[in-house]
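What follows is a set of structures to go through.
In the two assemblies presented below, chain A is common to both, partnered first by chain B and then by chain C.
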Partner chain A sequence: MSPWARFRSDFAASHLAMAGLLMLALILLLALVAPWIAPQNPYDLGKLDLMDARLPPGSASMDGALQYRLGTDGQGRDMVSAILYGLRVSLLVGAASGLIAMLLGGGLGILAAYLGGRFEQVLMRIVDIQLGFPAILVALILIATLGKGVDKVIIALITVQWAYYARTARSAALSERNKEYMDAARGLGLSRASIVLRHLLPNALPPLIVVGTVQVAHAIALEATLSFLGLGLPTTEPSLGLLISNGYEFMLSGKYWISVYPGIALLLTILSINLVGDQLRDVLNPRLAR
Partner chain B sequence: MSTPLLQVRDLVTEFATRGAPVRAVNGVSFDLAEGEVLGLVGESGSGKSVTGFSILGLIDPPGRIASGSIRFAGQELVGASGEAMRALRGHRIAMIFQDPMMTLNPVLRVDTQMVEAILAHERISQAQALERCAEALARVGIASPGERLAQYPHQFSGGMRQRVAIAIALLNRPSLIIADEPTTALDVTVQGQILFEMQQLVRDAGTALIWITHDLAVVAGLAERIAVMYAGRIVEQGGVDAVLDRPLHPYTRGLLDSVPANNPPGRALRQIPGMTPALADLPAGCAFAPRCAQAGPDCQQPPPMLRIGGREVRCLRPLAAEGAS
Partner chain C sequence: MLVTILRRLAQTLLVLAVTSLLVFIGIFMVGDPVEMLVNPQADQEERERVRVEFGLDQPMWVQYGRFIGNALSGDLGNSFVYGRPAVDVILERMPATLELAALAMIIAIVIGIPLGLYAGLKPDGRIARGIMAGSILGFSLPTFWVGLLLIMVFAVQLGWLPSTGRGPTVSALGLNISILHWDGLKHALLPATNLALFKLSLIIRLTRAQVRENVMLDYIRFARAKGLPTRRVIGVHLLKNIMIPLVTVIGLELGSVIAFAIVTESIFAWPGMGKLVIDAIFQLDRPVVVAYLLITVALFILINLVVDLLYAVLDPRVRLDSSKV
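For the complex of A and B:
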């Protein structure tokens, strides 16, 4: 059995994790096909009708063309469409920042472990300093300086997250580096690049993947927090966090649906990612190896 | 006499510590002719593995080769460039490591790892390389090499993995193989098989072999010459039969006496009193003197290397050797 086949059967051993994976796949699919299945384009302000604002779930639009299954928000947006499009933004921001931060932080961490010396010292002290600040504070300062926009939020999230990957990658690579097969690879006269890329990297990858899934969930939550605080994304293209924030002011007047449904969508997204991440951690943890 | 394949002279390998640097290898000299098998024997920490790693240029900081010379086929290896050493490693000089469970990369298939070892040194096609890998596996006694090549290391038993490691070492037909206790982690029966096969293989290919071990029985069956190391120095070297039958150095005598088979049954086993000295804190004279029954006041002086009948012994009071002139 190849390692990949063994990994799959180990992963499938937990029904909860499989349910999480299924849910995550469904959410990804929904986000992907949102433009085709959403009843309305929530970003097209010309299509929105202020007369339809804050309608409860199940109401029909004033012109009778649409039915708002989950109600509308303060601008008269269909909540179903807004949530589908919001998922797109949240997932894009989470996945893009997570992936880039993993490449950047992971690469630097592995290089630090392999090269050692001053480079490792300096890099790891920067990581220590960075991790000493609360993530939300760093992100807030960056957004305040950079301004609004999806790209700016992604940059802020990468800056916040790369240090986690760097630290994990370094410690994983350090423990792999001292294993005998690394000496053996050097004993074969392989080039440095091939030792790092083909021998060190694949073996240091499992913990990075685990941190990666957890960090993507973090990034989505952090983006939602930033949006909730009114920073980050423009109000015309609401992410889940912004939708929750928009509905917040109407919560006490009984118009719960504007905040609650995007909140549930956010919760399910993060929950499914974490379920998958937990199982990945168990499967890839060498101490729990069966 | 022609120049030997490998000539190690006064090799000193140090490791930097908080205090003074520790000399793991302290003035080691030996020669190795082409096709010759040398047993490098010593306890843990005697510097035998570090000697092997020094030859391959695999000493990492904080360690370094402080002085001495290693000439391999006329080429000086101490101070050679990283690229020059990389070209030699796995090509002209191969290494076999101690733990077969750890020497193969767990995430790569066996064929991938073997082909990589060939292509690092030669420009040949993937198909040719694969063919050579299958041949190499067959040579070390692995049945149906074609199927085995496509498997992952965890599908091999310990003995099989060590055979794969040996096959990888032989791939590029090296002139010298350094084997660092390759059979220590294996069952006795498997150990016997591998030793026998190894002996055949190096004899057929004319490959010189340095076999690093703490097991005198292994050396007795395999090596032509033996070098005994203690605290970073070679204390005795010579032909394997001469050294094992009539040791000149009290330490070699002690090692031989410690082998359970050499002890009368039912009696307490003989052992060398005391412990191996810490390398950071060696006695001024002979490093073995504090544990030595022969030691006298003159042993506070560093002992010179004496030549007695084609053998070398680093001792001021060598044991009487019958038959040695």
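For the complex of A and C:
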């Protein structure tokens, strides 16, 4: 059996993980095609009708043209459309920050393992110290000092995540460094860059991917939390967190749908990523290799 | 041991200095603090007077030096909003946050360790699988959203518990504590549960992993072979050994609970320092933001230090290692 086929069958052994994968695929698809399937463009304020504000799920719009299956928010936005578009924002911010953090942290971690010495010591000390602080506090320090905005939120999310990648990449690279194939590559007289990029990196990748899935879920949750606190993304293109936050004021008067449905979308997104990540960790863990 | 402590203390000071520099540059250099300090209608002369009075006309390193000097003597400036020293404003609110964090941690430990033990001892059972699935769910639930749901269900629909505020407090040991008062406890229950949820999942998973590793080890098999009752093997032999990593993680997580209280306090309008700092950020009350960040970072470093030392006390192997260094 090829490694890829074995990986697939190992992964599929858990029904829960497969369900998570399916759910994740569906969510990604929905986010991708949102502009074509959403009943309305929630960002186009001209299209919104304040007469339609806070309608319960299932009501029709005042002009009868539209049915609000999940109700409307305080500005008369169709919740289905708002959630689909919000999903795009949340996933994009989570994935972008995760990817940049992985490249940055992973690169630094592998470099630290390869170079060793002072560079490794200082870098790992910084990682240790930063990981001693919870993500929300680090993000809060950054947002409080840098100010608000999409770029700032992404910077904060990258800062929060890079250390995890750096630590994982370093330890993975350290355990690979002395293996025979590395000796072989060195013996062949390959260039340093080629050894690191073509031999060390691919083999250090599995643990990074595992950390990556968990971190993307964390990033999405953290962005939602910051947006909920009013420190995240701008209100013009609301992410899921902001949608939930917008519904907060109506919650006490029993208008649950404005907060509850975006929350379910957020929960399903994070849950599906975590289910996939959990199984990936088991499958890719060499200590549990069959 | 002494060397370890000294080294950690030096590192602590370094981290505090770096944080203070970061916060200082961020808060004091971005934008013009004078705008924050004067009446918007003030004329140029008034602005200049304020600039000189607060030393804002000095070069940056002089300002930083003064900021550090004041900080060392416990003076981080007056709150713009409250007109009192920022440190006092924060410290006043700290007991409420600590109380909430402690209650949340207790809930997480009291429920989490037994569930984790069970899931670890019978890993293939139906209930254990249910516990583990529940813990993944607990990891995935956005804390603030759960807070909203708790308010909606228990406060709005059922009306069992109050949704916001702290309720009456009882004065004990010079602090105002609300969980000693029945009504106060009722106020604390929802936010503490909300805060506990994530840690509960963490403790379940950690306990289970520890149990599964330890039940295979010789000392457990030996204890069983000796014919000790299962209750004693689990309750004394196993529990003692899994406690070391658990205590470490619980200690470190206490800090993160304090930080995450920012979110919970905002939802439940709990008058702790987390709610205070969010309000301060919106009101541009810079001294309070700075004081909060520095005090929390200091608190954090202190917690990490204590946990490290505790770890050495609990685990003889660590003690031996550090004496060799």
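Throughout what follows, the second predicted complex is superposed on the first by the 286 of 290 C-alpha atoms of A that agree within 3 Å, B and C clash if a C-alpha of one lies under 4 Å from a C-alpha of the other, contacts with A are read in each partner's own complex, and residues count from 1 in each chain.
Note that in this section a contact is a pair of C-beta atoms (placed from the backbone, for glycine too) under 8 Å apart; a residue touches a chain by one contact, two chains touch by 3 or more.
Bear in mind that the values here come from a model prediction, so they are computed numbers and not experimental data.
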So if we stack both complexes on chain A, do chain B and chain C clash, or do they fit?
fit
If we overlay the two complexes on their shared chain A, which of chain B and chain C does A:134 touch? Say first, second, both or neither.
second
One more residue to check, A:228. First (chain B), second (chain C), both or neither?
second
Touching A:8, do we find chain B (first), chain C (second), both, or neither?
neither
Scan A:180 for contacts with chain B and chain C and give back first, second, both or neither.
first
More chain A residues touched by chain B or by chain C?
C
Classify the contacts of A:188 with the two partner chains as first (chain B alone), second (chain C alone), both, or neither.
first
Output check: A:199 vs chain B and chain C. Expected answer is one of first, second, both, neither. What do you get?
first
Touch test for A:116: chain B only (first), chain C only (second), both, or neither?
first
To be precise, I mean the smallest distance between any C-alpha of chain B and any C-alpha of chain C in the superposed model; what is it in Å?
10
Pick out the shared contact residues on chain A: the ones touching chain B in one complex and chain C in the other.
none
The residues of chain B that touch chain A in their complex are 56, 58, 61, 86-91, 94-95, 97-99, 102-108, 116-117, 120-121, 152, 154, 165, 168
Tell me, which parts of chain A touch chain C in their complex?
16, 129, 132-134, 136-137, 140-141, 143-147, 217, 221, 224-225, 228-231, 241, 244, 247-248, 251-252, 254, 256, 259-260, 263, 266-267, 270-271, 274-275, 278
Which residues of chain A touch chain B once you look at their complex with the stated criterion?
2-3, 116-117, 179-181, 183-191, 194, 198-199, 202-203
Touching residues of chain C toward chain A in the complex: what are they?
11, 15, 19, 22-23, 25-27, 30, 133, 136-137, 139-145, 148-149, 151-152, 156, 163, 252, 255-256, 259-260, 262-263, 266-267, 277-278, 281-282, 289, 293, 296-297, 300-301, 304
